[in-house]
Structures are given as structure tokens and as C-alpha cells.
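Two complexes, one shared chain (chain A), two partners (chain B, chain C).
For the complex of A and B:
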């Protein structure tokens, strides 16, 4: 089974907490529900993107620093 | 004028404000725009427009190379940076000058000197301007405790290279100070690349009062009165007014003179703002902003001085069009910031489409906005999308007109701060002018 995490707000998506840091989650990593998997910058504020299901990171639909719209698919989890 | 064509290196209402000043002066205005802003009002009303990149600010309005290329491509001979983005970036100011263009603002060295807090503080002190009682940089916890005995509790531990309200920690006694100093130094090192911190006495409930200054290349410096910007949430201003209500005339005179002296001392050119805290009849310098400010319209409304036009004049080497004696404050003006934020949901930023819009009008009302029905407020930039500024021959009339204008003003499609303003304009603390920088957060609970 798969699960897709979508953007709850439009903005700019970041996979890392800061430009020099490691990504919140590596490809293939296992996440629990509620884990932070990225940030969306909206109007100069940063909002955490949390996994709304547990699973393994399989496919990213966006890259670091991509502009995203509300509801856009961000990443797929194998659940 | 030798400036004929101005690149407006900004977006939204301030870009439109600069475009309008250019048109009033017979100058050609060149707008820049990101993907998200194609077709925006600041683009529509300019004489020409250049695309500078993708929607995110880092790839467009903060991209110095793209902005310089746009200036070359469009034959602009001057760059006006507005506020925010690169307006206080000394490297950009220098790059503009090095490209043979006129920078509409003070020299890069002046931006640098006033940008570092500890340096600006020392500069103000040297110019005889009072600063909040404090220490120099403290090297250790024991140093800090010794310094605090001189300064007096409660104190704020501040990062010297800090800004935007970060790197500031309060301490009310020796024990708390011992706990927070190292923490503050670590945070400063990681956030600003320098672990230098100093102490400042924490004022109890001061007012934020700032002085508008103008200076030309011929040595003339004038102040254009003061503004009270005490209604703030998390150090973000929400309502501003001129003149400052309840300010003692002798104190006002001393503050305005101190601001002009400081501008003269640093060789300032253009429009700038010297910010102070005022408490119990004393005033203290906090910082200088080396650009036009969001709240400049209230000063324009009470003095009749077009601050943006003056910026363009002096950038071109011409003298200021007013002397100090000619700057007279008449009546009272209040500005309300319309932010696309939801006050009922912790001021959640709320981009989206404007589905309906009705702007207020009538005597004393000025609206600065770049929004029209059908426009989409992008998520990539600041949430401040409009400013309602209201003038009256006296403060009570200004507030009555503000009530009327706020009642007329309607925005649909996104939540805004308009509803909050309708409440604030009847708050006793605002009505009687006794509000301070703690008032708004207390009202919001």
C-alpha cells in the first residue's frame, strides 16, 4: 500500500532545516506519523510538513526549493 | 535631472509607490517582476518591465545579478530598492554604484555602519545621542554579571551582529543571567557567525517613536517629524501615526534634533529613520533604518513632503526641496497595515485570490495597495498587502475618519487584519494615545 503526503499550504518546499543541514528524511528512510519531513516557506514564515501516516519514503514528487501549490503531491510512502 | 530612468527593484505596494513618484517627476519607471507577479499592478503602471526570475524571492527580488542585468537591459540609470529585499544590503548598493548606476539611498559604507547594532550604538553615543543603558561586549559569564551590576536588572542579552528580534534573551537576576549568557552566545554564533553579546537594560513599557530624516549631498539635513509605532505584535508594527500622541514638545524637539545630528554625523544621504524607545520622559536610540519605511505615508500626510520624490531628487544630486523651517506638521494621520493573515488563527499567513474588493474613499483617506479583484496574493512574499492611511485636522477627526474608512473597506477571498483594526480603533488605549509596545500583545491575550 502507498500513501501520498500533500502540501497543506502553498509556498516553497524545503527538504532540509537549513541550507547546510542534512535532509529531514533520507530516501528509503522509515518515518512515523507526525515526523517532520520538510518545511514550506509561506509569506516569510516556515511551517513544518509532517508525515500523516507511517511508512518508508519511496518517491519524491518535488525537489528541495521547489515552488508548490496547495494540495500538490510531495512524497509517496510505502505503508 | 540627469536621472531619466529608474529601475524599481521591488514589488507590491512599495514598487507602485515608487513608480508613481517617478511619473510625478517625469521619470521613466522600469518595473521588475517574478513569475508570480507577471501582470501585477506595479508592472502594469510602469513604463517598462523586466522579468527577473522564478517566484521565490531568492530567485527574483533578492537576485542582485538579475536586477543589475535588468537595469542594463532596460537602460535604467538609477536603482530604487524600496524597503525589505535588498534595500539595506550594502553589497548590492556597492554593486549598483560600481555598475555606473545611481543608488537611491545612502552610500554602502553608511548602510554597513548603521547595520551592525553595536557599531550603530557606539556611533549614536559618539554623536551625543542617548542609547539604552548597557554594556560593551561581555567576554564571559562573570563579566556579564559584573556588567549587569552597573546596568541594572532586568537586562536583555543581545547579539551584536543580531537583527530581526533574534538573539535576544531577558534576565531578571544574577542566576538567570548566568544561565542565559552562554546560551545566547552559542545562538549568536550559529545564527550570525559571531558570539559577541552585550547587555542592555530592559525598559518596562516604552513607546516606540521614530524620526524621519532627509539629507542631500550638499550637507542639508532636515527631520520630517516623528511617528509613533508602538502598536506591535512580535516586534512587527501594525498601526502607526504622526505626530506621536502625548509626546512632550521639548522631548520631541530634542529627539528630532538628535536624529538629524546622527544623520549628519554619518554623512547620510536620502531618506532614513532613526528609531527610539521613550519611557518616563527619556528617549533612547535603538537603530537606524537606511531606507524608505512602510509607514512613511503618515509623515507625508501631516507635512505635505513627498518623501519618495525627495529620495529621487537627492539621489540625482539636487538639493532637498524643503528647509527645516518649511517642514510644518499639520493635523494628525494614522496608518493601518492590511496583512493577509488570520488574526483568529494566530495570524496564520493566508495567500490566495481576492474575490471581492471595495476600497474606502472620501476626505482624508489614502490607500496604498497593488491589489485588484482577481489578483492572487502569492505565498512567496510579505503578507502586508495594503496600507490605509487617514488624515484629519486633529487626532479625534483622524480617528473618526479611520472608523468610517475601516467600515467601508471590504476584502473577500483571504482573511485580513481589517477586522482587528476595526476593534483597535475603538480601544481606549489607542483613543487616548497612552498605548505602548506591550499594549497590543496584552489586548490579543
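For the complex of A and C:
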């Protein structure tokens, strides 16, 4: 079974808390529901993107610093 | 009678028609960005025009009501629920004490409005309850709502009643490319004729820098006519000697990324104003979001005034029909 995490707001998606930090979640990592998997910057503020299910990160649909819109698929989890 | 904020949504603020009469000393008006959605919301719940309502962006708030009341959700296309049951938008809805209003994922537009019978009761500052977050003034503590806030309701209700519905013909639609009508000037002569044409030919993309202060766009580069730097003007080709900025005015610092100034923007400065979005179309602008495309369509002053009169007549007709 899989689960797709989608963007709740438009903006710029970041996989890392700061440019020289490690990504919030590595490929293949396991996340729990509520874990932060990235940030979306919009209106000069950063909002955390949280996993709304538990699972293993399988496929990213966006790259770091991509512009995303509401409802856009960000990442697949194997659940 | 109050509203408990369980989840504030995103930058949800108390807004009314705005704070007027202080522009010359640097106070922008603030007030609901989508004035149509705001006014219709008050008419639906039976409030006096000018009652304060809530404006959110992209994400709706989750609100619990502590007493029976009447509410209306207007603005963006967004599913709204009361205790999990879907409720219509652009229609007044009865709320029972203890019920919670929540929102799903927005499908069109950008800003939902929540009008409540009686209005949101916060102290009026310089004649308005609108929030101006940049200086922390007005609204609820001068800021966006936060989890745990408790809002008091006011006494601006004239005839609260559930079941009032805006006629389908008056419900705005949010097309893929928003068209904003633009009165060209005051400094459009600073752009080359080619660039002025390019400005209205381009489908500009809304950048992530798009909020109540202004909307920044990407899509083309514009060139200014070479000139000798006038006394009092900065060295950027986009600079002019300082002047007042109309709300809705468009400036292009450096010739890239035009900015439309909105209700919370700086009131004057030294960038050339290429044109001004007509006030009625700031409502449409307020319902565009980061990533959306926007076109600017030039109109003359007569057309701009007609657009404004038509909107005033439409609101009068709606208020009469809903009274």
C-alpha cells in the first residue's frame, strides 16, 4: 500500500531546514505520522510539511526548491 | 458569545472595509482584500455593512462557536464543514452552540472569508477594526489569529437569518488566468513602448512573494527609456522623484518582477508607477495564488469609473435582494 503526501499551500518546497543542512528525511527513510518531511515557503514564512501517515519514503515527485501548488503530490510513502 | 480558535489556518486576520483618512501620514488602509466577498458575507448574515469579518488565505481556520449564531463563508472555492457535515458557501448558515467550523482543501481562489452575525468585536483603532500586521495594529492584538484565541462577537447584527443565498449569477468564478484591468500611468512614459506592450501581453506568474502587502510577478523583463537621473530620484532606471503610491499601483524595480501594491503596502516612495489595477479587480487579484497566471488589461479612466459604479450598483442590488 502507498500514501501520497500533498502540498497544503502553494510556495517553494524545501527538503532541508537550511541550505547546508541534511534533508529532513533521507530517501528510503521511515517516517512516523506527524514527522516533518520538508518546508514550504510562502508569503515570506516557512511552514513545516508533516507526514499525514507513517511509512517509508519511496518516490519524490518534486525536487528541492521546486515551486508547488495546492494539492500537488510531493512524495510517495510505502505504508 | 465567542469564537474559540482551534486552528488559525494561515494568516487569518480580522478585517473590515479599512482604515481611511490617514494615507498621507503613511497609514495604508488595510481592510478585506476581496471587498466583494467581504461585503456579501455581511449581507448574507444580516450585518450592517462594515462589520468586521475574518479573512484567511489558502488554509481555512478551525473555529468553535460558544452560542447559537449565523455565519456565511464567502470568497475562495473551499469545502466548509460544521461538525464534519458539509455546509454551503455564499449562503447564511445557522450554527448551534458548540459546533465547529472547519475547512478542507481549497480548489479555487485563494482567500475564504467568514462573516458572523454581529461581526467580530475588537477595538476600533483609528476608526477601523482591520488588522495591519506589519506594525501590529488593529484587529485581534494587531496580529493573525493563533490557536487558543477567543474572539468576542459584536452587536452589528441587523437581521441575522440562516438560508439567505447569493444568486448563482453573482457568485464569482476564478478562471485559470485572472484578468486585471489596469489604468495606465502615472509614470508609464518611463517604459519603452515595446516594454509597455510587453507588460500587457505577458501572462505573469504570481511568485511566492504574494500577500496583503503586495503581489510580485515573474514573466518578462521590461526596459526603461534612458534618461538623466532627475534631482531627488534614485539611480535605478525605475526610480522617480518620490511620490504617493495609489493602492493597486504597479511598480517594476530594476525592470524585473512587477509588484502590485495592496491594502497593507507602503504609501509612497521612489519607484515609477506604470499603472494602477482598478479597485474592483483587486478582489480578483486577492483570489489568485502563488503559481497562478495573471494578465493586465489596459482600460481608460472612463471605463475604470464605469467598472466602479457597476460594482457599487451590483452590491446595492445584492443587499436589497438579501435584506
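As a working rule, the second predicted complex is superposed on the first by the 79 of 79 C-alpha atoms of A that agree within 3 Å, B and C clash if a C-alpha of one lies under 4 Å from a C-alpha of the other, contacts with A are read in each partner's own complex, and residues count from 1 in each chain.
By definition in this document, a contact is a pair of C-beta atoms (placed from the backbone, for glycine too) under 8 Å apart; a residue touches a chain by one contact, two chains touch by 3 or more.
The shown structure was predicted, so the numbers you read here are calculated from the model rather than taken from an experiment.
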> In the superposed arrangement, does A:35 touch chain B (first), chain C (second), both or neither?
Replying inline: neither
>> One more residue to check, A:43. First (chain B), second (chain C), both or neither?
In response: both
> Does chain B (first) or chain C (second) touch A:65, or do both, or does neither?
Replying inline: first
> Should A:52 be classified as contacting the first partner (chain B), the second (chain C), both, or neither?
Replying inline: neither
>> Applying the document's definition of touch, where does A:8 land relative to chain B and chain C: first, second, both, or neither?
In response: second
> Given the touch rule stated above, what does A:73 touch, chain B (first), chain C (second), both, or neither?
Replying inline: neither
> Looking at chain A, which partner touches more of its residues: chain C or chain B?
Replying inline: C
>> If I apply the document's touch criterion, which positions on chain A are contacted by chain B in one structure and by chain C in the other?
In response: 9-12, 41-45, 67
> What residues on chain B touch chain A, complex-wise?
Replying inline: 54-56, 340-341, 349, 351, 378-383
> What residues on chain C touch chain A, complex-wise?
Replying inline: 10-11, 57-59, 105-106, 208-211, 289-291
> Can you list the residues on chain A that touch chain C in the complex?
Replying inline: 8-12, 41-45, 47, 67-71
> What residues of chain A sit close enough to touch chain B in their complex?
Replying inline: 9-12, 41-45, 65, 67
